[in-house]
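What follows is a pair of complexes built around chain A, which joins chain B in one and chain C in the other.
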Partner chain A sequence: MMTAASDNRVLGGVRDCDALTARVLAVGDLYVALGFYTDAAPEIRSALETVILETRRQRLIVAAAPYAPSDLLDGLSMGADDGLALRLAKNPATPASALRRLLRRCSDPRTRRYLAAHPNADAMILGELSRDNVIEVLQAVAGNPGTSPEVIARLAAIDDGSIQRAVAASQAADAATLARLWDLGDDWVRADILAHPNCPANLLAIAAGASDVRLRRKLAANPMLDAEAMEHLLADPDDGVRAAAVRNPAILAEEIDAKNEASARVRRLVARRPKLAADVIARLARDPDSWVRRWIARHPDMPAQLLMELATSDVPEVRRGVARNPSCPPHLLVLLAADRSPWVQAGVALRDDAPAAAISLLLGANDRDVLGALGRNRNTPAATLEAIAGSDDADVRRAIVFNPAAPQAAIARLAGDPYPLNRAMIVGHAGLDAAAVAELLDDPEPQVRFAAARRLARQQPDLAVKY
Partner chain B sequence: MKILVPVKQIASLDDQFEMRDDGRDVDEDYLEKDLNEFDHFSVEEALLIKEAAGDGVEVVVAIIGDDDSDDALRTALAKGADRGIRVWDDSLAEADGTSVARILAKVVEREKPDMVFTGAQSSDFGSATTGMALAGLLGWPHAAVVSNLEYKPGASSAKLRRELEGGLEEIMTIRCPAVLSIQLGINQPRYASLRGIKQAKQKPVDELSLDDLGLGASDVEPAFHVRKMYAPERGKAELITGSAAEQAARLAQIIKEIRGM
Partner chain C sequence: MSEIIVIALQRDGELRASSLEAVTAARSVKQAGDTLGVVIVAANPQALAGALSVEGVDEVIAVKATDEFQPDLIEAVVTALVKERKPSLIVTPHGVDAWSFAPAAAIKNGLGFATDVLALRREGGELVATRAGYAEKVLMDIDFPGKATVLLTNRTNVFEPAAGQGSAKVTEMAAPAADVATKHEGWKQPADAGGIDIPGSEFILSIGRGVADESNVEQFLELADKMGATLGCSRPIADNGWLPKARQVGQSGQLAASCRLYVAMGVSGSVQHQWGMKHVENIVAVNTDPEASIFSIARYGIVGDMFEIASELENHF
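Let's turn to the complex of A and B:
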């Protein structure tokens, strides 16, 4: 049983805890009770369970809810019928102990398939299910990232394309398993083997000269390739192979030079890489393809002179890229704040580091993108934020949720917003006072009630006095 | 001036569900209840007319349903409807659209509205019969799938647009009073404010029985009975891989299997 001291920590004092618990039980609402459950003492939990698990309909809802506390799901797995078992098996929050319990008396192949694919399935569960006689269950085991190398090696011998593909993509597949699979699988399986970090070196060498473009594309994605192999693939006649090589995180900045690259698709990928040489950046900034320019405009290593040049582009998305570039100098942000495109202005308005002069230029805007961005900006004046909180557009109003500097009046307005998602999200705002959170326990929307109860249970004890 | 808006509480399915033991419907435990999506639009259309006209328009929502359906009715009241009517009798448990229309015709007789707006259909059964049957019973003009409406309270006619097949639209004038079945997208339904939700709990709701409307169980007998409801077996998809020759061989094999060769 939890001590009084723990109760104090969780719910702010025994008296408050009792009052709050009484309030929650009196409300008798599934979602409020769920919100309190995790932080409640054991004796309170059992009282909450009577509310949460009152009807079969509620038990089905809880069994399928990914936000349900794992302890509750564990209890629910005891004596679960087929309908409940299926939901618990599908629920990513169901703990391994519950999954093991379900497996012991599971006759439904669908449920076993979900157990085999479950992220919390442990070695015991996956080992047992790897001997199942239903092929879909075995496919799910092969695709589960938690499956052990031994089980993966055993499954590799099964003559089934889906299982072989899953094994080839499994991080648990070792070099010996992949080598055996190379002889058993079709071209698709072999292609996946080539992308695997444990792929044997001799297979990588074979694939480098393969005529099948699928094999070379997958090979180019292998993070273990050496510099020589990578250089060879960067010069491949197929642009899909070159694109895969450019995407490969193992490639070094100095190995990339898009000087003679004819494919805009590959150049766009180059422009998105975080590390690039200065001459490559300069060349891409003047690329004829506007998608290349819009990506490179965001590159943090872009010099100010080139940013200025890109800021005069005819393409608004390129100018927006400049506005979003963390290296964009303040004077350029002021210039872009007066841009003719609201999309570019919104890019400036999103920046907390925008100078006051830039923000001032944006205050008269009525475009929803600009207003939404200003609503998130901690340097927007309070009066503007209050006006944004009263906007006719629910998406614009929601921006207040993401602004840690939002004034009380704007936050309070969001707590009474007609759009339920806005109310659910403002519950998490540090500026929302405890009384307003408690009011939301009576909200008509389940997700709002859950969020309010969760927050109260975690950190807001004094409110219980109110009740 | 009064607009009557009949609404329905519909049931939506969980992604995994089970059938009732009698095999004629889904087990109630697997159903989520809510206000019919189409009715959000018909209520909104009535409220827009009320707001444009000022104080002279009353919007009355009516529902045929048991205690549980009170939530759907209060949702419509929370948006701004003035009062509600709920009609229920245990004999209505299997009521069809025509039975509901017979009850609504009596409600119309009692309330004497100037217009009736129904949703174009219910999103659970989709029969789209209630509005049409109601107009037939009343002898009122009816227009279905109304996607635009120009109507001033007290006017003897309304101008409206209807969606037709192939992307066509029809502009028509209709004599009032009329029954209009409102299509999705005619407006942007509002969310009820928290204040509206609190106020809705205090708004008057007349709870009526069949007796109150001068009807008996035999008057609302459904014209059809569901014999069986089931999920048909789904077709199976297969990803055919391998070389062109291997793929062609597998395709030929599948064709032979299907044709029983």
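Let's turn to the complex of A and C:
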């Protein structure tokens, strides 16, 4: 494969990094300039900023763009007015330094709420906002996963249901905080406390005998429950409680035996479990409920003999489950490639480990799901991939984007695809040569131009050292 | 007293179900003394007349011509009817057929005109049509001052199909000469969706990237089944081959044309996805990211984990 760094051909009229930069500045395209910004040297960045931040409208676009470089957002936060500050506070890419700057002169409660909920808000920001007098700001602090145990403990004392629920769900809430909250909160708050891994043992014991099923269901989801408590909950009369217990990742395979389980809902959940005893798998494979069989057909520990049995099911989704099972033997994949249901065939076509005999059985298919799956498969012959790239179905053509072994002709065709999203996505394909990427800098769609510029910038080491 | 006319449509000799929805739309503004006629252009229009003789229809006007899609001919029929009968209102279903003849017929005959009409009413005897504007963001009431005849296309799946046995007289109308400038090459049928009907579904539960893994998809198929919903998805899910492309909602996928409740779980709400569902009146969004675009068009939003919400829903169905 040829990359831009070693490519001496004309790149859409651009021969080298200097010319490339000059062209970006001359054209004045916001999205191309944004694409180049992150990988550019400081001097080039300054020049690009004149393009990117030229108008207020552009500054507002950049402030709200989650793909905008954090350095650029940091710079925008200096002297930001209320409108710009709000967009920056909402943007998940805004760095902590910018958030601190915004907080220092923020009078708008809405902006403070977004700062309090921001994933990059640090301890200083959250600590300061935890003393805010606006309840929505405090709710946001309580719901922020970065809030410290000390702040969470302080917030727990506030008489507000939303804050108390957020505290009860916070991973930073310690046992003492949860114990205090148990006395203050309503049943919904108590239910959340019971699901918390730091829930005090005495509360777990109380809840085990609670008449309210909401409490028992949440209790059954607690990952710190011991084997005795889990056994008790697995025998609960309410199937919602048993379902929550079966879902609990802490439960061990040997603790689950669906032999006497009357509820199909619970058996379906058992069939989803990653670890199951061999006899449980065998029993579920012959369960009268087809959803149970659909789930268990995908189980990686399913023996080949039972997979063979399920592959003859009347329910296409069960056969599809077999086709998607990572343990499905090659001879069974060949059998399923000739299945009467295209959805089952597509399940085989998605597999890079499908034997050549299975793939060849699928080459004459005209179903769009089968074609889409073949388009992704690295073992599909080049001629078929080229035909898929020329399909009249935009969703089928796009499969080429995900195929690392796609031939040049198919990739080039996608670069000229009439559907803009397909052009934007093919820019990320390693097989698209630099000249084709450079041509996409002139694409009518902003997302395509941005993606092309981003890729060229990453492949142009010169860009970072020039000037 | 005036005449209202519905232009019924057929495809390959089969009556389009939307024709009866247009009859309901027309009936909703029929005043005392008004008559309602339904026109059908087909190779054998008499064979379709019975199905159009529903309650409230006074006359079925049979135009013997061709079953082929011939917009120039229907445009000529409209022109002839306006000239001869001077109807106050003409209604026809909104869709590819109407797109091909209605605007031209309206311009040529100087008619009042509105497309994709969602509701009709009279205000002081004057006709008012409601349609959406600015990409479904607003509803607009449109009146037609000074227009003797108004041509409207009604949105499909909004008006109930007209029913009830009628006793309409059947009148034959000679096909007018038409200046045929177009040639119909044939219909392209949509890909076989294997029984999945996103456009026809009133309740869609849709999943997006938040589902994270193919092994989790089955859970939402099961939930949709329990809730009586059709499972839809966003593009990445169909691109990964986790659900059939027939379930993909969006610009290159399906339009949730009949949907009244759309529950989007773990869907960020890209522009492409919104194209297929933003018009739905009741959108419920579930996403862990409070800034996800889907919340900007949702009537109800839950900032939370889609799996936790799904588990709660399972307790209720």
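Keep in mind that, in the parts below, the second predicted complex is superposed on the first by the 444 of 467 C-alpha atoms of A that agree within 3 Å, B and C clash if a C-alpha of one lies under 4 Å from a C-alpha of the other, contacts with A are read in each partner's own complex, and residues count from 1 in each chain.
Throughout what follows, a residue touches a chain if its C-beta (ideal position, glycine included) is under 8 Å from a C-beta of that chain, and two chains touch if they have at least 3 such contacts.
Values in this document were obtained by computation on a predicted structure and should not be read as measured data.
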(request) Could you tell me whether chain B and chain C fit or clash when both sit on chain A in the superposition? (result) clash
(message) Touch test for A:P69: chain B only (first), chain C only (second), both, or neither?
(response) neither
(message) Is A:D395 touching anything from chain B or chain C once the two structures are fitted on A? First, second, both or neither.
(response) second
(request) Could you look at A:Y419 and tell me whether it touches chain B, chain C, both or neither (first, second, both, neither)? (result) both
(message) Comparing chain B against chain C, which has contacts with more of the residues in chain A?
(response) C
(message) For A:G35 in the superposed arrangement: first (chain B), second (chain C), both or neither?
(response) neither
(message) If we overlay the two complexes on their shared chain A, which of chain B and chain C does A:R294 touch? Say first, second, both or neither.
(response) second
(request) Using the superposition on chain A described above, determine whether A:P342 touches chain B (first), chain C (second), both, or neither. (result) second
(request) Could you pull out which residues of chain A sit against chain B in one structure and against chain C in the other? (result) 90, 394, 419
(request) Mind listing the chain A positions that touch chain B in their complex? (result) 55-57, 60, 64, 83, 86-87, 90, 161, 186-188, 394, 416, 418-420, 423, 443-444
(request) Sort out for me which residues of chain A touch chain C in the complex. (result) 90-92, 117, 217, 240, 243-244, 247, 265, 268, 272, 291, 294-295, 298, 317, 321, 324, 342-343, 346-347, 349-350, 367-369, 372-373, 376, 393-396, 398-399, 402, 419, 421
(message) Give the list of chain B residues in touch with chain A in this complex.
(response) 14, 16, 18, 28-30, 78, 190-197, 239, 241-243, 246
(request) Write out the stretch or stretches of chain C touching chain A in their complex. (result) 191-192, 194, 214-215, 218-219, 221-222, 225, 235, 238-239, 241, 244-245, 248, 251-253, 272, 289-291, 311, 314-315
